[in-house]
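After this come two complexes, each holding subunit A, first together with subunit B and then together with subunit C.
Take a look at the complex of A and B:
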């Protein structure tokens, strides 16, 4: 690390859990963020600011006026711009010290597998179940940890699935495929809720890379923002899971 | 003699040792894409037909959230 990096990251380097060693791990890490919307915005901004050395931003959608109420990596001037490209512009201003790659097309199965295989951590910030299950299956096969967040209305959920650990459950242990999509466009979502869930995803990604603390693997946190109540449920692996179970 | 369980904080009376799969059917969740936790621990879906419910079990029916 050079002097400017030591200064830029000094407030987290001074944490014994991070230290120089942890910051070097962050700078050496490659994180794939899929979806640069409500969750992906704070995830990308915090991970860029914290000095994740290489961020891959994937989103095929473009910025719309209705996104700006909560998708804080984008700006009014960038309506119509691809979301990965728009987010990268904000991140570049936050931190010129990191590598940013944008994927502006829909990730087909082949591209998804290639990107996940090259990632140290995948952060799922997508808005539909089909993509969530596809990401999960590749993360299990590639043994890459997955930080999963979701939010709608005033409800949020966050969990970590770490396929490097034999006993870890996967997203498919929790939910069945063909679940009905409830979109923010049809159901609404309150802005700071996605900030809370996205911030937790970024925090868990940093912990996974540095390797400190107790991760969220094997637990699901559920937030009821209307009453500001968190619940925690244990999530065991389903031995018969069609994705991660033993056949 | 019936036992009592709570389902999303609502008390329900059921026959002792009712299987989770049967109870879900009775409560109208038969075809729903949901996850079920008993006493703050999710039950693997493959064991719904083996899991017998006990008196005072706290059951949470959790719907998937997919928004981002």
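Take a look at the complex of A and C:
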């Protein structure tokens, strides 16, 4: 690290859990953020600010006026701009020290596998079950840790699925592949909720890269923001799981 | 006694955060759902959602499951938004 980097990251290098070693791991890491909406905005901003050396931002959608109430990486002036590109502009201003790649198309199976295989951590900030199941399946096959967050209305969930650990469950252990999504467009979502869940995803990604603390692997955290109550449940691996179970 | 807890949107939909059911009436998770739906017909569709998350004593369970006296059964709505 040069002097400017030592100064820029000094407040987290100061933490014994991070230190110089941890900051170097962060600078050397490549994180794939899929979805640059409500969750992806704070995830990308915190990971950029913290000095993740290489962020790959994937989103095929464009910024819409209705996004700006909560998707804080975007601006009014960038309505109509691709969300990965728009987020990259905010991140560039935040931290010129990191590498940013944008993927503006829908990730097909081949591209998804290639991107996940190159990532140290994948952060799922998407908004539908089909994409979440597809990301999960590749992460399990590639043994890349997945930080999963979801938020709608006044409720959110966050979990880590780490296929590097034999006993870790995967996203498919949690949900069956057989029903429809509830969308923010139809159900609404309160702005700071996605900030809370996204910030926790960013924090778990940093812990995975630096390798400190107790991660969320095998646990699911649930937030009821209307009553500001958290719940935690143990999430065991489903031995019969069609994705990660033993055949 | 089984302590039943509803979280987030389910709590609002069903209009209650928690209730108790006698273990004499329900021996399994499926029986508990049936019992709750019979007692409160308007709850049936919410409880029939296959993506509903269920935790018994703070541990996630899939499918049917035996219940024991003193268990806490918590129901959570699925969340996918991002």
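By our rule, the second predicted complex is superposed on the first by the 247 of 247 C-alpha atoms of A that agree within 3 Å, B and C clash if a C-alpha of one lies under 4 Å from a C-alpha of the other, contacts with A are read in each partner's own complex, and residues count from 1 in each chain.
Heads up, the rule we're going with is that a residue touches a chain if its C-beta (ideal position, glycine included) is under 8 Å from a C-beta of that chain, and two chains touch if they have at least 3 such contacts.
This structure is a prediction, so every number in the text was calculated from the model and none was measured.
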### Query
Does the superposition put A:127 against subunit B (first), subunit C (second), both, or neither?
both
### Message
A:38 in the overlay: touching subunit B, subunit C, both, or neither? Say first, second, both or neither.
### Response
both
### Query
Of the partners subunit B and subunit C, which touch A:154 in the superposed model: first, second, both, neither?
second
### Task
Examine A:187 and indicate which partner it touches, taking first as subunit B and second as subunit C; both and neither are also allowed.
both
### Task
Please work out whether A:224 is in contact with subunit B alone, subunit C alone, both, or neither, and reply first, second, both or neither.
second
### Query
Looking at the overlay, does A:178 come into contact with subunit B only (first), subunit C only (second), both, or neither?
both
### Contacts of A:239 with subunit B and subunit C, given as first, second, both or neither
first
### Message
Just to be sure I follow: which residues of subunit A are touched by subunit B in one complex and then by subunit C in the other one?
### Response
35, 37-40, 124-129, 132, 149-152, 155-157, 173-176, 178-179, 181-184, 187, 189, 194, 220, 222, 231-236, 238
### Contacting residues of subunit A [partner subunit B, same complex]
35, 37-40, 124-129, 132, 149-152, 155-157, 173-176, 178-184, 187, 189, 194, 220, 222, 231-241, 245
### Query
If you look only at subunit A, which of its residues touch subunit C in the complex?
35, 37-40, 124-129, 132, 149-157, 173-176, 178-179, 181-184, 187, 189, 194, 220, 222-224, 226-227, 229, 231-236, 238
### Task
Under the touch definition given earlier, write down the residues of subunit C that touch subunit A in their complex.
7-9, 11-12, 49-51, 53, 55, 58-60, 62, 74, 76-82
#### Entry: Partner subunit A, residues of subunit B touching it in the complex
33, 35, 37, 40-42, 44-47, 60, 62, 64-68
